[in-house]
């Protein structure tokens, strides 16, 4: 059951990438509603979704187990109908990363959308365009900066997620040991040479990512 | 405005003052014992009784996976006594010259069992049953750091099941976490010590007891950590653990008694 | 035909509008905070009234009772704001084309280029809004609104932030366009001159209510309320009690409140002695009598002697403050520079002033 350094690195990138895609899609939609619509319980929704930002990852992990475990609120039914459970799979790692990084995307994107001049949005409607078209042609281009920042932050947070991931995905070498978890295991068991390699790799990859991200974002913006 | 800022600063410093007072006050009268997590219940009672016999002494139990505890000590944690669930972790410390060799003693033994959720639908009579398709997840301690995990691997290898069950294994950080996974039904079966199962008697039941030949004997060593500022108190603690009273308590929790090696 | 009958409460301000407009160019006039912009926003659907109905050419845009609230994008309205509202991330061409996206691309391009020509924007198609002037931006906004073929055009002080010569040019552009395209317009402004130049019909708004409505002459010379008079520069507004009535001669005398003089004016049928009325005289209707010249017959009824206490030069005309009683001044008189120069007046001079009694306008009392 030996998990290799490259597996952990690849897994971390994979988990973070998938989580970030979900965060961008879901986060942007939710941020749009929070920014532009009014409904009962709006601020409650905002608080609930932002909680993982202020709660320790272990508390978030606790709630995820309570929700998605085999006897969890939602997990129970899924296990009953499909015999499948998300815990101890890499999907759980994606879930943990998604939940803890989503607030970052939400906050930045909501602020960006709210700062779009409402007159411009109304003018788009007045010119005959519907909400969806207005979103893609007016709101999105004018919120790009905030959204790009949110995406970068989310990916970074997803890459570094550890506490909640450990609790829901477990530490299964070759299956769910993302790099932060693998490093933790190596350090816990005194395997400093392995830990050293991984830490250097992870730092280089993260640094490279930040560099690429900042170049890309300058181009987009 | 200045007055308000001053008040705020004073308020935020207060918690720091509390910490300092606390640590200064109690330092001389505490004994910190790092012990394998399977010893939690037994040592908590032993610790309480120890406190009763020694006025003004406070027992602080630090429980976790033996490997993690050993790392802490190597990393400089201010531990006075260490009790692990296998000789290996004590040997690691011994090799690094971190224990008082003449205080080292084996004080208890244990058995390895396979537990399942109490309302499990399936019946397991031998370890080979674990190959069945309905058994999707089996939890054991992480062999790298948890003695119970190493013993579990030995058992599986003894029955030539290690390869077959490789993909079903879920590693936990300590043996109580294995117990918890089974208790919560997150896994279909788990391997823990026989002393752990009763802790969650309402949620787990023992399915199989691993024969003593299937794994290295489970031996718990205990020793005083070199450099501890309370060597005498540490030695007294170990004496208490191996005393009649201590042995009674260990027996109460299901541990096998051992004679001095 | 635009019918707006709505009410909306804003906490410390409430709107209660009843507008029925038929002319092609209606000016909505009023001071800041009178609700002009809100009125436009409710017609366009940017804001929902609390109650009432809005109908445009028979089509119901809003009806609180039946729950009808046509979404903004189905109202076919052109809207130009005071602040430039071109999309900053699109070129001028893209901005204007945005209004015409229902069309196939070939026809759209043609239509857009056509309107760019009409609005004198040729050559700027690929510029971004940040690269063109305020006047060009507003012309762009007009073009974009026009290209969507609106049924109604709403303009909220569109030229307010532009320089005067640009404003005048744009006003002419606007008039030309509506003549060519025949689209009804509601134009909001708080500039009296602009209102005068553009309006066919004027509606005066104040504190969320319609103060008066009519042709520009109606409002200018025959303000129906004190406020309407004030807004349009009828400076000399007085309150007085009727002291004598000679109906056979068609005249009545009014003792002006807190002032030492009496004014003689045409008898208004239905009034009685002792009744309080309000009247006004426009500053440019008061004449300064030249010394030595005989006073014309129709001026003799209202002649007052007093002192010029202050003279203010206002560029194209002079304002003189005339005092004959205890107050700081009694009349504000406006003279063209030409007239002023020929009179050789100075502060402190004693003069006689007079005005035709037809210049006196009685402001109807609110019942």
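When the chains are written out, they are named A, B and C in that same order, and each has its own residue count from 1.
Methods note: contacts are C-beta pairs under 8 Å (C-beta built on N, C-alpha and C of every residue); 3 or more make two chains touch, one makes a residue touch a chain.
None of the values given here were measured: they were computed from a predicted structure.
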Margin query: Farthest chain from chain B, going by the mean of C-alpha atoms per chain?
Written below: C
Item checked: Geometric centre: closest chain by C-alpha means -> A
Check: Roughly how far is chain B from chain C, going centre to centre by Cα mean, in whole Å?
Finding: 87
Notebook entry, point to check: What is the distance in Å between the mean C-alpha positions of chain A and chain B?
Noted result: 35
Notebook entry, point to check: How many Å are there between the centre of chain A and the centre of chain C, using C-alpha atoms for each centre?
Noted result: 57
Checklist line | Of chain B, residues touching chain A in the complex | finding: 67-68, 71, 74, 92, 136-137, 142, 144-145, 166, 169-173, 184-186
Check: Tell me, which parts of chain A touch chain B in their complex?
Finding: 1, 69-71, 83, 85, 87-88, 170-173, 185, 187-191
Item checked: Touching residues on chain A, where the partner in the complex is chain C -> 117, 119-120, 122-130, 137-138, 141-142
Checklist line | Residues of chain C that touch chain A when the two form their complex | finding: 44-46, 71-79, 81, 83, 85, 87-89, 98-99, 101-102, 144-145, 148
